[in-house]
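Next, two complexes with subunit A in common: one pairs it with subunit B, the other with subunit C.
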Partner chain A sequence: MDVIHLLVVELSRFQFALTALYHFMFVPLTLGLTFILAAMETAYVITGKEIYKDMTQFWGKLFGINFAIGVATGLTMEFEFGTNWSMYSRFFGDIFGTPLAIEGLMAFFMESTFIGLMFFGWDRLSRGAHLAVTYIVALGSNISALWILVANACMNMPAGAHFDPETMRLTSTSFVALVFNPDAQAKAVHTSVAGFVTASMFVMGISAFYLLRKQHREFAARSFRMAALFGIISTIAVITLGDVLGRLDYEHQPTKVAAMEGLWETSKPPYEPWILFGIPNDKKQTNYLEVGVPFVLTPLLTHDFKTPILGIKELQIQAGPKIESGIQAVSALKRYSENHQQTDLDIFKTHQKDMGYGFLASQYAPDQDVTKIKSEHIPTIVKKTKSDIYPNVFVTFWAFRIMVFLAIYFFIVFAMASYVSLRREIEKHRIFLKIISWSIPLPFIASEFGWITAEVGRQPWTIFEILPTVISSSTHSSGYMIFSLIGFLLLYSIFIAAELFLMFKFARLGPQIHQEQTSSLQTIFTYQKG
Partner chain B sequence: MEYYVIIKLIWAVILCVLFIGLGLMVGMDMGVGILLRFVGKNDIERRTTLNIIGPHWEGNQVWFILGAGAIFAAFPTLYATAFSVFYVVMILMLFSMILRPVAFEYRSKIDQGFWRTSWDWIFLISGFFPMFVCGAAFGNILQGVGYHFIWNGQYFQDESFWSYLINPFAILCGLLSVSLSIFQGGMMLMIRSEDPIYSRAKKYATMAAIVATCLFIVGGIWIFQIKGFVLASGDPAMSPNPLFGQHVITYKGAWLHNYYDYPILWSLPIWGILCMLGAVLMAQSNKPACGWWIGLGIWIGVIGTVGAAMFPFFMPSTTAPDQSLTIWNSCGSLYGLICMAILVCIFVPIILSYTSWCFYVMRGKVKTASIIKDHHSY
Partner chain C sequence: MSIFLRFIGLGLILVIALLVAVFVGDQGPWYFAWLIGTTMIVLISVAGTVLFDTQSDNHNSTGEF
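So, the complex of A and B:
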């Protein structure tokens, strides 16, 4: 029987989540560090001071280690749409494939070609030309992220597409609507600046480590100062764009917002609190141990004090008729594909907007075929499907909170770091330096949880309200999935071990300070050979 | 002719161009990876070998990514089906592909025998396997693959993945693409290396070109014996849904019917063989730069030959021949294809020009002494 095994769908989701989160450990640092490198090299070209060249080369080396795995794991992502999400790729490829291909054409090619020159071209290019190459790499990696997020945005907020019953897929109608999808624009900037925050913390943290050990002091102090200033600007941008995104989600993805905020019941403005702590229970549809700040939630999301925000229970009630209508739509669509009768097409057209809910219900239909649902069973199937229309609240709620709490923490740390380092007092605050060097992993964690918020929050859909995850995957056997999962787990564990080992090794080793230093400086530096 | 047919054909040509780029550039790097252990007898020679493609491998690899991305955007049904049907093989290829960037970046960072030898082996595997699989995939496709679609466009597979790996014709095609990549890698090594790497590369490149010629000819004869596919009826302007509108017949030697209908097409395989022979000559007469460009000619010949035989098929189905994926029924929408074609026409020339510029900047022989001095080198 031609049916999708739900276990395979779960395993495919697990594998995709695993590989995407893994890939996303390397991306933010790449996005940010390229611009920090460009800034350092600009300082070198303008001032002519060798120390800035040393800074560029040292941080460049760490960048290289990170970039290699970023590229390697990115390959996986591009292949997985085809290998594991066949139905999704076929259904959405006309739209979704476009930004991915453009990413390759426009950005990835540029970034990867010039990165070779960035590392190998120091002696072969003039200072100006090399600086231009570094900027091209920085731009390339961020444009790359832009296109990937254009692709991501059309999953979250489909635009510039309509469903064509002849080809059984979404058809591209507007390239402009695809690219200028507001979700894409906001997400791209949010992600890039999150990368800047990550890289700033990375540079600041390692510099703090040198300052604590009184090594490479001038080098570290300069790197620290640049990173702190870069970091505070980026953190402000991250928070601002995060607010924009929250509002977009509120307008377009009510289930995601309800899950992020742990809202089971529709909110009561203006008093409704923003929950600081709580343990959402998905089975009982309630939050335990809830602690919140009153009067915050409504203005935070809606930017006014009156509008109520729909809770999950109310969204479920609203979904009921949509599911029924969706079952009609999918049944008519199937009959149409078999007989090509105009009457079926007309029925489909009247229910078309709820098609996704029909697909979502198909997992409960006999043989996964909605045309086989007997009319007396429709209420039970609608009831079952209703429990699937929202994401896992516990995960979405906490992923969102961890990201937000960390963002606030970054703001405080970067603000203090900028203040003390501009006053040239940073070396006096040893405890602060220690805190900073221990904070290096935090932006990575925040980025990962941001990704989890966005993508777990999108469930149960791969294309929001159009194609559910349960029918998006390939029709493999679970044996295939176990094979690939074991492979990824093994390989990726080796990678992370090698990466961390090399990162620590080269970070400990420190920069190779150039020979043409002033003699006074040379005595200060504990010179280590790399 | 309808616009839709024209744009479908343009995209088939673009795909061929991207495959040629992929074969040439990725093949070259893979070839260097395969040859690494054989042209470099000690660590410093191997490092020299790696640094010859060091500044370029990242850029070259993007051909691979762009190839996959272009299939995704322009022929989504093909992308979705082919990648899933070949799941196990694709995943194995992916594993070997993702080891390569890591191998480049990490190999020379630690000066320890076991560490470096392990990465050298990884270079060998990760160069050989992807090229082999790409070639073998074409071998399998030429024989047809077992799959069918259901009403909503979901594919279902009708055979086990073992048949894609243990399959003599596919192995032949795989070895052909491996030997072409060894030749291309050998040419690059000859261009940018000095003795003893130079003479070793020369030896292996010559051998590879001779092997490739033989395999190509044997494969050509074999094709007469293979059950091919012919599109008996099907409107090229059809709306892309594999369930409807095609009738496909199969018989032995059917892949040659395009050649019988249009004898001019025989020039493609002949061109391919001539280029391969020219390649042997160039390698032997110490003209690696000419040899490198002849490598481009070989790829045009090989991909052109296969493309001309299969036209308009992409991936014929043995279990549901009428649902075979062709250029006509697996492509994107008219609007999407036009947008993408415009972008490709703008960006591919730009890519080619800055890639050439990078090769120009990094021109010249790679010297052992400079590698030891430069702490950026691999």
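So, the complex of A and C:
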């Protein structure tokens, strides 16, 4: 029986991408809005003005809607690792399970428990204590994301892990190395501040909507000011960390960088242009209609003017010996698992660093078993495997560009918004207010494309250069996958529809009207009790 | 007495902050940058809205934002 079913692998990938992208429509707002709420409540505690309490409560209500629905979308993903990616979970579970468990036990429980106090503790806690609770919720939500990103970083840049040929699993060697993995650090901060940008645009956009309608002007102008300042610094941080991640990818994932930059040939420093527009063709390994800015790519990635960046064609050539070595590693490993001969273990250890390439080649081996590859067929297998060592360039290239172009747009919008707000001229620029209102979805789109860049760019690996995606999935039938995929699609679409309905409803009601409604609800409850 | 206890409390926070700064700053510079940066973002945002109040007091007659 074949282990690799490419259709099932593709359906598993599609299902995970779908659920992850749906889930990540909720996450950035949670990450950012909690700290904006903390800032608003800090202003309330410092100044004692009730308007800041109103702001915290109103934006907190929108946060609550987002959090409640967002949590539901995240739970299914953790189960998917077991149901759809059982080979991956078996291989990587010892590493991946730890941060996932800490995320659940420490961060998520902390966040969820204190959210109750945040919403219902206004009249039961002192101002200082309530402020501390709000900060704990903010920290909890961001630490929650941190642990997921620690796990994800280990998939991109394995650290603190060692392959054990006895158990055929990756085992943890250093928890500190796992947590302080440079990729985890940069990715956690990049994701967190991207959430700040999303929440800032969300608050600023709804505030702009009120200002355009001349509603809740005091409330909206203050919220606008806070969000604009929050957003401009966060955007600078998100761009800085994006550069750090690009540099890390350049050092550790050259295939991802080559795909992101549409680089088929190795670059010629310092002239090499940064491609603004182009249509990469994966089959012909070329770009059409290329428009670039010369002298930008080399310093952007390498931070100097003389280091060449490897193109995909050269990376394919370099992969040849790795694939051959990997086939030897996996063959020796298989023999060792059957006979436990020291010689096989020694051969495996000699070629261990290329093991992943052997796994990748196994899809082209007779019966998907590399031990059955005859020596005269190795060049053919190597040639076929070479075509798989890099990701889909068109998708990675454009996902990266959309994210980058949007980040530049955010910088301009937040800089202008901060300027006009500090000059108290927001209401004079009605077209700008309209642009901001319509910009609310853009940071969500940027976040989604950021994840597409990171995850598609890592292909064909689930764990970079160690475990290929083709042998990571479960052995379900394609019918099961299509059935569950349709189920997730329908369920998650309902979640999104519910989120949008509630968000629009409460945003349109606004803070004062909503308070009146709350008061009338309280009156009803009081009347019923009385 | 309460001033003394507050002084001791703030001193403890300072020591913990320094320990975190030394350890996290050495092991995880970007985590440390996040801690400092997020605090800074929150404080600048709060300063911006406090400035808004001051501007409101000075420009009360215009009513423009």
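Heads up, the rule we're going with is that the second predicted complex is superposed on the first by the 511 of 530 C-alpha atoms of A that agree within 3 Å, B and C clash if a C-alpha of one lies under 4 Å from a C-alpha of the other, contacts with A are read in each partner's own complex, and residues count from 1 in each chain.
Everything below uses one rule, namely that a contact is a pair of C-beta atoms (placed from the backbone, for glycine too) under 8 Å apart; a residue touches a chain by one contact, two chains touch by 3 or more.
Computed from a prediction, not measured in an experiment: that's the story for all the values here.
A.B. asks: Applying the touch criterion given at the start, work out whether A:117 contacts subunit B, subunit C, both or neither, answering first, second, both or neither.
C.D. replies: First partner only.
A.B. asks: Of the partners subunit B and subunit C, which touch A:264 in the superposed model: first, second, both, neither?
C.D. replies: Neither partner.
A.B. asks: Of the partners subunit B and subunit C, which touch A:52 in the superposed model: first, second, both, neither?
C.D. replies: Once the two structures are laid over each other on A, A:52 reaches subunit C alone.
A.B. asks: May I ask you to decide whether A:43 touches subunit B, subunit C, both, or neither, giving the answer as first, second, both or neither?
C.D. replies: second
A.B. asks: In the superposed arrangement, does subunit B or subunit C reach more residues of subunit A?
C.D. replies: Between subunit B and subunit C, B touches the greater number of residues in subunit A.
A.B. asks: Classify the contacts of A:65 with the two partner chains as first (subunit B alone), second (subunit C alone), both, or neither.
C.D. replies: first
A.B. asks: Touch test for A:186: subunit B only (first), subunit C only (second), both, or neither?
C.D. replies: In the superposed model, A:186 contacts subunit C only, not subunit B.
A.B. asks: Tell me the contact category for A:491 with respect to subunit B and subunit C: first, second, both or neither.
C.D. replies: Only subunit B is touched by A:491; subunit C is not.
A.B. asks: With both complexes overlaid on chain A, does A:16 touch subunit B (first), subunit C (second), both or neither?
C.D. replies: So A:16 meets neither subunit B nor subunit C here.
A.B. asks: Residue numbers of subunit B touching subunit A in their complex, please.
C.D. replies: Listed in rising order, the residues of subunit B that touch subunit A are 54-59, 61-62, 64-66, 68-70, 72-74, 76-77, 79-84, 87-88, 90-91, 94-95, 97-102, 104-106, 109-110, 150-157, 161, 239-241, 243, 332-333, 335-336, 339-340, 343-344, 347-348, 351, 354-355, 358, 361-362, 374-377.
A.B. asks: In the complex, go through subunit A and note every residue touching subunit B.
C.D. replies: Interface residues on the subunit A side: 2, 4, 57, 61, 64-65, 67-69, 71-76, 78-79, 81-98, 100-106, 108-110, 112-117, 119-125, 164, 166-169, 171-173, 175, 333-334, 337-338, 471, 474-476, 480, 483-484, 487, 491, 495, 498, 502, 505-506, 512, 530.
A.B. asks: Would you tell me which residues of subunit A are touching subunit C in their complex?
C.D. replies: Answer in residue numbers: 35-36, 38-40, 42-43, 46-47, 49, 52, 176, 179-180, 182, 185-186, 188-189, 192-193, 196, 211, 217, 220-222, 224-230, 233-234, 237, 241, 244, 421-422, 424-428.
A.B. asks: Taking the complex as given, what residues does subunit C use to touch subunit A?
C.D. replies: 27-31, 33-34, 37-38, 40-42, 44-46, 48-53, 55, 59, 64-65
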